[in-house]
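Below, subunit A partners subunit B and then partners subunit C, in two separate complexes.
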Partner chain A sequence: MKRQIAYFLVIFIGFLTLIGHFINYPPLNDFIDNDATQWFDIISGFAAFLGVINLLQLHLNKVANKRKHYQYSIITLFGFIIMIIFGFIYNGSNVPMGPHLKEQGSAFYWMFQNIYLPLGATMFALLAFFVASASYRAFKIRNFEATLLLVSGIFLMLGRVPVGQLIPWWLSLEIYICLIFAITAGLFTNKKTLFYTLLISMIIFPFIILQLNLYQLAVFKIPDLQEWIMDVPATAGSRAIMIGIALGTIAQSYRIITGRERSILGD
Partner chain B sequence: MTKIFTNIKKYLIDLGKLDRRFIFILIGLSVLIPLIKPNWINIPIKTTNNSQIVFNELNRLNEGDRVLVSFEYGASTKPEIHPMSVAVLQHLFSKGVKVYTVPLWPEGLMMAKYAIQEVVDSKLFNIKEHVDYVSLPYKAGGEIIIRGIATDLRSIFTQDVNNILLNEIPMMEGVNRVSDFDFVFDLSAGVPGNAEWVQFACDEYNVPLSSGCTSIMVTDAIPYVESGQIRGILAGMPGAAEYEQMVFNHLNSLEKNKYMNSNIAVVPGKATSRMSAQSIAHVLMVVFIILGNISYYLLRRRTE
Partner chain C sequence: MKKSIKYTLLPSLMILFYFFIPLPIFLVGNETTFVCVILLCFVVEYFIESAKSGEPIYMRPIAAIKAMEEAVGRATEMGTPVLYVPGISSLDQIDTISGLTILGHVAGMTAEYEANLHVPVCVPIVMETAKETCKESYLKKGRPDLYRNDMVHYVTDDQFAYAAGVNGIMLREKPAAVFFQGKFYAESLILAETGNSIGAIQIAGTGSSSQIPFFVTACDYTLIGEEFYAASAYLSGSPEMLGSIKGQDYVKVGCMIAIVIVFISSMLNGYGIIDFNIETLFRTNVVK
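Then we have the complex of A and B:
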């Protein structure tokens, strides 16, 4: 019975909200635009409270049963209790409770400024080291798709930073020539022929481009090329993903409001 | 000769097994040195089209116009987003625009406070709370809060961040929903972010929106930029540096401005000096990738 009430509520509110977008009936529109959003606000407040209880329960259990890495749970609980004290009990400044959270001089502000902020920035900064190490090991020309990914990745990395402007047109041309040969290398049976053709192309083509006055083309400027990659292929890819997600959302929402999707209640 | 080539090959193959601590040290130095000594490497910054669009859109605003600035980033993304927050606020205050800040992330409240404080502390502008800017508090709910701002802001927020009733703040007079703002500027590092502002508020109510976000978010936001639903975008640290430079030039070009203290010198922002570090780190990563591929190719040939 409990579950049926929950399903009924989901289906009823789901249909009500959906219909409200298609029917111009002021009380219904008002419900969707104002009341429903306030309901959500209240529910999310309770959800946050439940999250806090759950976090405490989880880590207290871990410490009580001395499970693997329970020492980290002690640190989590310690941080949690300290912030609760500084947020709700101990102020440390002259302003009333509430606005003290953003008041310079309060204990909470001090913790945020001197503990949380540096720790958060440190965690994100570590990403640079791992990205460098991972790209060194995993960013390999294994097949055509991997080559495309690698090349566009390199162009974006260089094009997004000011140093990309300093790369001359002939260097970009040499990169293209190397790329074309990397892709077509399999067609050459003799490796010496491949090497000499590559060498000759790398010498001759810059002169041809220079003679034809084509060196000012955007394709030879890494920042412009980077912008093109972002504006055309990346936009196309993103749009395709967005349309896919939208269709998936419609299908999933339909399943939920017609009671077909039961996993939302933990079934 | 053959022996030399063989040795070079061997070294190149061995590079593939390079200890990652060595990579960490090099990356650390490549970031640290330009940050400590920014004058050593000075690369000019070229403005991209999207950053220019953002600048032009905000520059078109008039005195007394209302701009809602949404803060959706935290401590981890502060180095990337915060410089653009400060530059955007400087630009808006230099034009006498009324600024309303709203955090949609819990940490956004502090980020808004830091950004405003930085502008106030610079003493460059004659600004006062509740006269030139209002800070709204954080409310949980993400996109639902955006929806609430779009339809009835007063039902979501009754007080500002200092617990002062919105009805008692003169700047809040006539501000009831998103359409009462002349512009929305979103500073985001995730969800809710610029996409949610498009979907739940600005597109439906036809309020112009621009955004500044982290570099990795740009690919998700670019379809909205291309369709004009987001008017230009500041993409990560490079976008912040470009915008800082445009604002720096703009503030220096203003001869007499009643909103600015003429006796205070305009200083360039932080993102500009950080770009050298990012440039060197990117070049180093590209070099690592090339070396890694040479090693991979030679190793594959040897095993074949």
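Then we have the complex of A and C:
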């Protein structure tokens, strides 16, 4: 019975929200846009207490039973109690309790500015190192796709820094020639032939391009090329994913509001 | 009524009713959304009905979904826990709901294999839902004795504090299998790289298109785009759920055809071969 009520609520509210998006009935639209979201916020607010209780229970249990790594729980509890004291009991400034949370002289504000924010910033800064290690793995030339990723990555990086604007057309052309030879290197059985063909191409092609007046083409300007990569292939790929996500979202929502998707209730 | 007629006639009537009723019953500006939702829902419903009536459905094998059971099995063999991260958003995001539906299946697997499940949560309301999901899954598998209340626990609401907390859990407990299923933001790479550094099998799934590249790079398997939403249906194996995925795929084929038509028509219009500009069809309110 308990489960049936849950299904009924999900189906009823789901359809009501969907209908409220299309039907021109102000009380219903108001309920969907304001009341329902406020109800959600209120329920979430109460759930915050459950979160706090859960956190305390978990760490107190760990400390009481001296479970593995219980020392970390002591630090967590210490931080929790300190912030409770500075938030509700000890002010440290001349303003009354409540507004003291945003008052520069208060102990709470000091803790927030000097401990909480730097710690958050530290975690965020770690991202740069993780990006470097992830990029190293992604850019390792293993197959054709990884090579494409590496090449487009290099062009993007070059095109987005000021030095990219200074790269002359002939240098871009030499980069392309090198890349083409890197891809087709497997076709050459003799390394000497490969080397001399590359050398001749690198000398001859700039003159040909100059003679044909093709050096002003956007493809020879790295910043323009990176813009094209971002605007065309990258956008096409991300739009394909976005269409899939949108269809998946509608189908998933349909399964939920028709009561077919019940895994969330353990079925 | 014949099934194909029912599923052609009914949506057509609804769309006609929407556009041509003289009374101001419907909101102005949502026409395109209405047509898309109606068409998609009816196509999905048609294939659900077909699947229920016994029509065989072929499902393309998805490596990430196949690997879920292997990952739980590996964690069981190694005697280490399975870590499940349901993202950092609340229940108002469909990704979080999808993450929790997949959690139901993963909890079922851990109950079956008697593996230890660990679910650190960022939002208290998600914690309560995740607890219920796990409890029901363990009960359904006939192993309520294995369920512990601290299996699902709250860490913090803050994005990077949560990332730090989960990283700490990973480094201390060394889980053999890590699942990232839900809505993620900048913390995705921090979590996935830490998981990678401890050598865990990592299976990610998210609808955040900006985080997909990070997961693809750092995780062993990634559910991309609609695969993430279909995972629960895929795992359930029930014909009606699988039918809904088939319906979704047919709509995708429809989208592809529409893109090609729009492209050709726009090109012809651009070169002045035809006068009709197809783009006007997709602007809302164009019918009214």
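The definition used in the following text is that the second predicted complex is superposed on the first by the 247 of 267 C-alpha atoms of A that agree within 3 Å, B and C clash if a C-alpha of one lies under 4 Å from a C-alpha of the other, contacts with A are read in each partner's own complex, and residues count from 1 in each chain.
Going forward, contacts are C-beta pairs under 8 Å (C-beta built on N, C-alpha and C of every residue); 3 or more make two chains touch, one makes a residue touch a chain.
Because the structure is a prediction, the values reported are computed rather than measured.
With the C-alpha superposition on subunit A as described, subunit C and subunit B fit side by side in the combined arrangement.
Shared-chain residue A:Gly244: touches subunit C; no touch with subunit B. Across the overlaid complexes, the C-alpha centre of subunit A sees subunit B and subunit C at an angle of 140°, to the nearest 10.
By the touch criterion stated above, A:Leu58 is placed in contact with subunit C alone, subunit B being left untouched.
By the document's definition of touching, neither partner reaches A:Arg67: not subunit B, not subunit C.
Contact with subunit B, but none with subunit C, is seen for A:Lys140 once the two complexes are overlaid on the shared chain. Of the two partner chains placed around the shared chain by superposition, subunit B and subunit C are both touched by A:Leu119. When the two complexes are laid on top of each other via chain A, the two nearest Cα atoms from subunit B and subunit C are 5 angstrom apart.
Common to the subunit B-facing and subunit C-facing surfaces of subunit A are residues 37, 40, 44, 47-48, 119-120, 123-124, 131, 133, 135, 137, 238, 242. Considering their complex, residues 18, 24-28, 30, 33-34, 36-37, 40-41, 44-45, 48, 90-92, 94, 97-98, 100-102, 104-105, 123-125, 127-129, 132-137, 139-140, 150, 153-155, 157-161, 163-164, 168, 172, 186-187, 189-190, 192-193, 207, 209, 212, 214, 217-218, 224-230, 232-233, 235-236, 240-241, 244-245, 247-248, 251-252, 255 of subunit C touch subunit A. Those residues of subunit B whose C-beta lies close enough to touch subunit A in the complex are 18, 20, 23-24, 27-28, 31, 43-46, 48-49, 74-79, 107, 109-110, 113, 139-141, 144-145, 147-148, 150-152, 155-156, 161-163, 215, 218-220, 222-223, 226, 235-236, 238, 241, 275-276, 278-286, 288-289, 291-293, 296-297. Those residues of subunit A lying in contact with subunit B across their complex are 33-34, 37-38, 40-41, 44-45, 47-48, 96, 98-99, 101-102, 112, 116-121, 123-125, 128-129, 131-133, 135-137, 139-141, 150, 153-154, 157-158, 160-163, 165-166, 223, 227, 230-231, 234-235, 237-239, 242. The residues of subunit A lying in touch with subunit C in their complex are 18, 21-24, 29, 37, 40, 43-44, 47-52, 54-55, 57-58, 61, 68-69, 72, 119-120, 123-124, 126-127, 130-131, 133-135, 137-138, 238, 241-245, 247-256, 260-261, 263-267.
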